[in-house]
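Below: a set of structures, written as structure tokens.
Shared chain: chain A. Partners: chain B in the first complex, chain C in the second.
Showing the complex of A and B:
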């Protein structure tokens, strides 16, 4: 296993973590070691074992389609650093991808 | 000019009309005050647990079966991760590699014939995001945005087609039929302008000499177009734009584009470089969804007749292919048609009156067949007056306008207007004899061979009867009376 610094920067960017160059170098070594450790799992023969999708042996519990009381708007917006017209204010969204 | 094959695949998101959200009990009602339908679950607070809405699963299964899909007995939910202000958890709960259903198809119909079958690759359940209101004219120059999370967590199904469509028109027909099928399931409002049905179109051009896979062709995704018509326009524009680039020897960039309704053009929405790196992983808070055969059978048993069966019903009643599609596309129209044709045996006359005069009035007043002030019984009463000869077609048009305006039944309107066609032969004969007696010189002209003179006499009779005499009866009666006069002299 050998992780490149580019891959580390990419993952950091996806997680919105700012990494200075020296941090990236250091993190590459650390993360590489973690991944290296995990590769031990590859030594096991798992040919006859189904992938584990979920660790709890449970199937999906379902609920009835009933409306419950929502939070009062004041509660809902309590943690908002910025608000206007009972909505969460967010900074300008850079380069698109409006969905 | 180079030859290209147009390759189109569509992704359609449909909001399910459950009362509560997909994973919490907040209301899904549209148009509520901002952030009044939120709770710790849909606000993405730490430590909360999502619990799946059974009705959403039933609705998704209905759609899957109606689109001829195979429902998997075992499916799972995954986290699709990206940062955007409308997504409070910074991930959307969706289904990735084991969706609810796969391998379906939609037959698209044109001119009464099945034109082709479009594959449905998959259907999965997921939650909707919140709604952003940009401060400023456009996203690009907005100073900031305001987030309303009422929509966050509303259940959606995503229906992904195979890239089987070869023209903008086929895409239109596919979407139309998809909407028809879903509308009879009654699982969604399907209002594209309100966003309860949304469509993304993937468009690429395959040069004749291209031998690679479709997946590798650079494709453009047109996002979130708000009507079927605009999906068609967007694709048409995109096909022309890409063809021009390829002919000029340039290459197509894989990108997301928006559609501008005003200009009819698509425009680049520069997306982030890593926009598609969603790092899906299984949702640890939700165990697998297991659907038994019994559940699937039960849902299958609750399905309404297919759109193909409805077409057959209309076709057998003598409705023309073009009219069949119009009636089929509006559930209210079909209900109206069925009620009217139970009361009146000429299905064609019912169809003609529904789709011409009544439609004209409904459109002009912003009504629909479901809310029509003229009921099927009311229309049938009018049609009976036509059939009995009390009203001519022309008079009936006037009557239907008044019926719509006043809400009164046909008979009452006819009485009020002093209308009703005089078909009684004796009554007409009396008027004809009067006219003949008054205008003997004209009668003599006619007898001496001036055929045109008859027109004047017909006119006089119509005047005396206020236009309510049946013209063909007037004609024959006049000729009879004049012949009798001629024989006497």
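Showing the complex of A and C:
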């Protein structure tokens, strides 16, 4: 096995997804099989190949800087799980939590 | 013929001629949905009230005004990963349960401006990640031809709704085959346009360098009608192409003028013998008609799945980071920020989405980026070049859409790699950015199978003409008996 459960837990922390131990074990098995399959790409020498970043050539489109109406605050906030006045509420960030 | 059996063109013609009202069309469609939806479960949301209101607006227009509406009064379903102001948009995920978008996707605005009536939002694998619609957080969707089988995915709800004749057309999205594969499994026509042809503004992003919206319909002409409405430049999508979209009457090709590429990599390892036999039957028929079959090689095809399943999850892991429980959607309670994020995402995402986010995060993480993501993007260049070379020799490439017919529920859902491998014939078009269309090629044991036509970038018009000519050679089968009306 090339991928350890510790690595999967590390990746889950990076991705901000809480993984219970049994899920981490199951994910490790699945991801290891998939990554094992991916190793076949190493059969190809790609040293002189440019990566495809844009599949259809397109120059960066620019537009005039115009003043336009934007999404009303009311609309932007209507799906927020914790709305506070005209802001998105989040749990307290400083001092280790609590509101 | 009952109203629900009419296609897009047939309905729009009658409504424009005022032989049929949009109100009658909507009523007939909802009668049909009432009968079949309990069996098929193609929809996540239906809005008959909204559809009736829209129909009234259409029916108040003059005959002259209706002439300008290519989709006058045509009921259409939209995959639930495209935003709608009037209906919820969930992307099949618990994390977006009840989400009401403040704006319409450009495709939704364009459909409505063309006179179409959005009747509901169709089921999908969560965030369009899957090949069976079994990964929807809400419910499964059944294949109208055999309700023990999956409709394919991720646009399984759209394909099933069209096949069951609940709607004449639906929109899907295709990141690695999610329009073409369910079209094949459900016996309908599904078009993935060139990358950038159709605006993705309002499409909930899965893999931004691959995603493309397209139509699912019961014939090629209807696919073209929808394509012409939704394609074209949109300033709201920076990847949207500026090239004009051709429209007008198609001129069907003489097969003697068509050079068809037959790639050997799509005709061997991994294909079910019954599908291979049908593919050969189709090729023989085309040759009989005078088409020139050109054997060719797309040598990097065997690396396509590995490439796709690095690129797509990497981009998905980045795109899905926005679902953090702050601005919209579900939030798990916690009085600290980090645990709130981690619990929200653990409880809000299903296992397939989690798996792909982890895979993508790993592929992009320090120390692995070069070995995985960058490597895959380089192999992608090789896959793209294979097609560029091929389209120097042929007008179109013909391949199977899927290695086999629709599988049964649960058959592949326990083994992610097996599920991924079933996308082998469709992911290449997304990696190369080229258009592809799956059209029906009859039934195998009572279950449909499709074949796939691939064209050079921006050559949708030619591709659609060729596919339509094939439809004359191989007319679609009778439609599945569902809801007790056949």
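Operating definition for what follows: the second predicted complex is superposed on the first by the 92 of 99 C-alpha atoms of A that agree within 3 Å, B and C clash if a C-alpha of one lies under 4 Å from a C-alpha of the other, contacts with A are read in each partner's own complex, and residues count from 1 in each chain.
Keep this in mind: contacts are C-beta pairs under 8 Å (C-beta built on N, C-alpha and C of every residue); 3 or more make two chains touch, one makes a residue touch a chain.
A quick note: this is a predicted structure, and the numbers were derived from the prediction, not measured.
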If you stack the two complexes on chain A, which partner ends up touching A:73: first (chain B), second (chain C), both, or neither?
first
Touched partner set for A:87, first chain B, second chain C, both or neither:
first
What's your read, chain B or chain C touching more residues of chain A?
C
Using the touch definition from the top, say if A:58 reaches chain B (first), chain C (second), both or neither.
both
Answer with first, second, both or neither: which of chain B and chain C does A:41 touch in the superposed model?
second
Does chain B (first) or chain C (second) touch A:19, or do both, or does neither?
second
Would you sort A:49 into first (chain B), second (chain C), both or neither based on which partner it touches?
second
Common interface residues of chain A - those touching chain B in one complex and chain C in the other:
13-14, 16, 53-56, 58, 60-61, 63, 71, 76, 82, 88, 90-93, 96-99
What residues on chain A touch chain C, complex-wise?
3, 7-8, 11-19, 23, 27, 30-31, 33-35, 37-38, 40-42, 44, 46, 49-56, 58, 60-61, 63, 71, 75-76, 78-82, 88, 90-93, 96-99
For the complex, give me every residue of chain C touching chain A.
99-100, 102-103, 194-196, 209, 235, 238-239, 241-242, 300, 302-303, 305-307, 309-310, 317, 321, 324-331, 334-343, 345-346, 349, 351, 354-355, 357-359, 361-362, 365, 372, 374-382, 384, 416-417, 420, 431-433, 457
Looking at the complex, which residues from chain B come into contact with chain A?
18-20, 24-27, 33-40, 43, 51-57, 76, 81, 83-86, 98, 129, 132-134, 139-140, 142-149, 223-224, 256, 258, 269-272, 274-275, 277, 279, 282, 284, 286-290
Sites on chain A touched by chain B in the complex:
10, 13-14, 16, 53-56, 58-71, 73, 76-77, 82, 84-93, 95-99
